[in-house]
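The following pair of complexes shares a single chain, chain A, combined with chain B in the former and chain C in the latter.
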Partner chain A sequence: MKGDHHVILRVVAKALIPVIAIYGFYVHFHGEYSPGGGFQAGVILAVSVILYSLIFGIAPAMRAITPGFARFIAGLGFIIYIGVGVWALAMGGNFLDYDALFREEPGGHLGQHTGIIVIEIGVLFAVAGSMVTIFYAFAGRVSEIRDEDW
Partner chain B sequence: MTGFEGATLAIDLLNITLLTILFVIAIAIARLRSLFAIVMLSGIYSLVSATWFVALDAVDVAFTEAAVGAGISTALFLGAMVLTSRTAKAEKGATKIVPLLVVIATGAILIYATIDLPGFGDPTSPANTGVGVDFIERTYPEIAIPNIVTAVLASYRGFDTLGEVGVVFAAGLAVSLLLGFGERSLGASVRREDRVASLKKDEEES
Partner chain C sequence: MIEFISSLVPTNLAAHAPALLVVAPMFLAPIAAFMPNGRLAWILSILATGFSLVMAIVLLSQVRSIDEGAIISYAMGGWTPDAGIEFRIDSLNAMVLLLVSAIGFLAAIFSWPSVAAEIRDAKRAMFYAAYLVCFTGLTGVASTGDAFNLFVFLEISSIATYVLVALGARRDRRALPAAGNYLLMGTIGASFFVVGVGFLYAATGTLNMAELAVRLQAVPDSKAVFAGYAFIVVGLGIKAAMFPLHQWLPNAYAYSPSFVTMFLAATATKVAIYALVRFLFTVFGLEFSFEGSTLIWILMPMGIAAMIACSFQAVFQTDVRRTLAYSSVAQVGYMLLGISIGTAAGVSAGMFHLVNHALIKGALFMALAGVVLSYQGTSLNDLKGLGRSSPWTMTAFAIGAVSLIGVPLTAGFQSKYALVNALFEHGWWWAVAVVMFSSLLAVVYMGRILEAVFFRTPSNPNKRRQEAPLIILIPLWILALGNIWVGVQGGFVAGLADDAAAALFIGGAS
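Let's look at the complex of A and B:
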């Protein structure tokens, strides 16, 4: 790009955005051992997409993560979460009763671990998808943010 | 002075410093009229609050505040700000005095209410003798994951978290139904690129 005075911003962001996204996944998969979980991870992943679209423009971001895909992910996450509850119901337990997932003996932890991991994935998808959808809805109404707009 | 007292003094000084910074930022946000400065300052406010939550040992809350308050809210506010004007209108007359009185009255009531609260980290407080101890004792035998906060959020309070996720999903749905799904600008820019390409083609041909 010729005469681009945001070159430092773009170069730094290019290096940082993958790190932010990987950090989001780290926060997600370490939610059982350290602070964090699906909610924070979803927000961090959404921020990596939003940062990309703030710096490189909304149209390239929408080609990479299409608005339809963001909406699909948001709905899918919510359905995954409810699905775990229905799974527990189908196995004869209460809604979201993870102990019932595999009809374990008392003292078994497989159901609890599986339930937590699956609902955290649902939270991750729903939060990341919803946040990107909200940002696209706001940012999609102006075709380009000019420098003097700030 | 023992080492422990020194540490308490240091933590007190840290708390006072962070709360003073928060106070100054809040006053600045109330006085400023430039929306861009206000959005940036509210992001900084969230970041300083997150630091303060770490000082209070609430690491999970601090992490959420840093990610949601300083990260995504700032970005969403910036996106919303682009749709509106860049400065807020100045308040005048009664609209200036009445909110101030309401805020002072609410603040006085809250400060009065803190007199009855147990001290910070008090081992005999209801939170540390009742349900808190119960969760600390039961989480590992029952769920067997080290982070109690995750266990409470995802398992013991799974239904609450389902509601939270539902709220986030409903917010995304409502915003996209009100403002459109965001494909408009993509369509516009793709059309513009096509037009530029076709113009170039025309020039080459002529």
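Let's look at the complex of A and C:
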């Protein structure tokens, strides 16, 4: 690898990217007890993909996480979120009423726990997918007029 | 008719109508995005908007179940106001929701031939997803009772709108700067609005609109409330294309896909005006908005300036879509003039004109979409002689045009008449003269178009021209006949507008 000026970047990034991704999941699942949650975790997860594409190029990144997959994740997150709301509606509660999810007795917390965790997973998917999609849209843009033609 | 449709809906659905109206398009939007082809997404969008229309009818019948107008409160997630987000439907909301969902439904039906001609195959499913998101946002603004939630829905609809406008780039590259311009202005407007809501929250500690209205009484001379008031009026004024803040509108309407133009012209600014009225009357209250401050010296002159300046600008446009876009700004002026009177009759006239203008512009832009489909051009020159080759489309266009001018037996006449009456009652006879003058300008700019359409020979006789397909003609004629129906028998819509105004004046006092 003679003449490779970016060797430090590559090595450090390779070591960092998995850590960033795990940290994203940590922020996600610890959001119940401390600041954090789906939104922040989604951004951190997306950052790991964005960092990869900054260091190794947009094309390998798009092979690893295809634009279609990123879009799919974003839409899926959205569906999961609204799905919980519709689930509550179907069980006879108001939209997004977690207490209605399992038709619990008053005082039961299973619905509240499940509801917020599923919702946060939806947010995680939606945010991570959208961030990567937006990044791809900007970074993957090819100019319609070649530079020489200006 | 309304009672009949709402009696068909099961009661457990009807109980959740405020949520379902917004949730149905929201849920189907991502599903539409996953559809393998545009046609399936189109069918989904018809289903979603049709379902919302039924829910809006249910809500209307619930609101009208008692004489003074019921208020339906729906607690999102079971969190009661003012801790949680409340959907609050009164007569005004019900009217706006019915308008938006009816136009959305008709727009969805007619859209397919137009979208198939103007949007690339791969993007159609996503296009319909964006349309459903936009529709979700607009209905959300019109049903929420929470000031911050209103901002969120406003942004949902706006961001989807920027995308929809930009997709006109395939037909005309100028759609891209138009969308960029709209994005800048719209974002500034939304930021102003949210800053204003922040000030109100700081002064009162609540975001629920009904609760805000009560607590604002306790802090009448707070500087923060005045600042918040100014920010909110300017922010919503940008979204509603209030006169000096309307520069984004003509280009956005002229270069977006024809279907999008039709939908936006009939709903987007209307919903922003609804939000403005909601804040002026319900949240801040009549005394604060009209007596304690100088609002009358802002809304009224701006409305009049729009009516005259933008009508003149409409006269000098060569592109028919731009003519209609400038005319839209002028019509917003009529609505603002009615609202600025500050009486129940004035607000009712403004709301009446809001509904009628949606019918008028919906019909006009839909007819133009039919023209663009076969003829690919909207300059005045392109429209010459179209009256002979596509009589059905152009007759509907002509009905919309005379309604816009305000000829008797059309919807436009009814609401202008109501407006003039309200102005006379208030003693603003000079404003009546302005209304007349502006209507004369409408005769000029619509007359130019009608003359070209019906009395000129085609400038390029070899170019293919034909009638719009049936799937465009049916919704188009529903709108055109709607114009005549309101014009001949305006009781239903006028009644809705009266109820809406009454709800504002009762709601402000409580």
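Rule of thumb we're sticking to: the second predicted complex is superposed on the first by the 139 of 150 C-alpha atoms of A that agree within 3 Å, B and C clash if a C-alpha of one lies under 4 Å from a C-alpha of the other, contacts with A are read in each partner's own complex, and residues count from 1 in each chain.
Keep in mind that, in the parts below, a residue touches a chain if its C-beta (ideal position, glycine included) is under 8 Å from a C-beta of that chain, and two chains touch if they have at least 3 such contacts.
Here the structure is a predicted model, which is why all the values come from computation and not from measurement.
Asks: Could you say whether A:75 touches chain B, chain C, both of them, or neither, answering first, second, both or neither?
Replies: both
Asks: Using the superposition on chain A described above, determine whether A:39 touches chain B (first), chain C (second), both, or neither.
Replies: After superposing on A, A:39 lies in contact with chain B but is clear of chain C.
Asks: Looking at the overlay, does A:31 come into contact with chain B only (first), chain C only (second), both, or neither?
Replies: A:31 contacts chain B only, not chain C.
Asks: By the touch definition at the top of the document, which applies to A:85: first (chain B), second (chain C), both, or neither?
Replies: So A:85 meets both chain B and chain C here.
Asks: Regarding the shared-chain residue A:98, is it in contact with chain B (first), chain C (second), both, or neither?
Replies: In the superposed model, A:98 contacts both chain B and chain C.
Asks: Could you say whether A:52 touches chain B, chain C, both of them, or neither, answering first, second, both or neither?
Replies: neither
Asks: I want to verify the contact counts: of chain B and chain C, which reaches more residues of chain A?
Replies: Looking at chain A, the partner in contact with more of its residues is B.
Asks: Considering only the contact definition stated at the top, list the common interface residues of chain A for chain B and chain C.
Replies: Residues common to the chain A contacts of chain C and of chain B are 71, 75, 78, 82, 85, 95-96, 98, listed in rising order.
Asks: Under the touch definition given earlier, write down the residues of chain A that touch chain C in their complex.
Replies: Within the complex, chain A touches chain C at residues 71-72, 75-76, 78-79, 82-83, 85-86, 88-89, 92-100.
Asks: Using the touch definition up top, name the residues of chain A that touch chain B in the complex.
Replies: The touching residues are 27, 31-37, 39-40, 43-44, 46-47, 50-51, 54, 57-59, 62-63, 67-68, 71, 74-75, 77-78, 81-82, 85, 95-96, 98, 109, 112-113, 115-116, 119-120, 122-123, 126-127, 129-131, 133-145, 149-150.
Asks: For the complex, give me every residue of chain B touching chain A.
Replies: 36, 59-60, 62-64, 67-68, 71-72, 75-76, 78-80, 82-83, 86, 142-147, 149-151, 153-155, 158-159, 161-162, 164-166, 168-169, 171-173, 175-176, 178-186, 188-190, 192
Asks: Which bits of chain C are touching chain A when the two form their complex?
Replies: Residue positions touching the partner: 12, 16, 19-20, 23, 26-27, 29-31, 33-34, 74-78.
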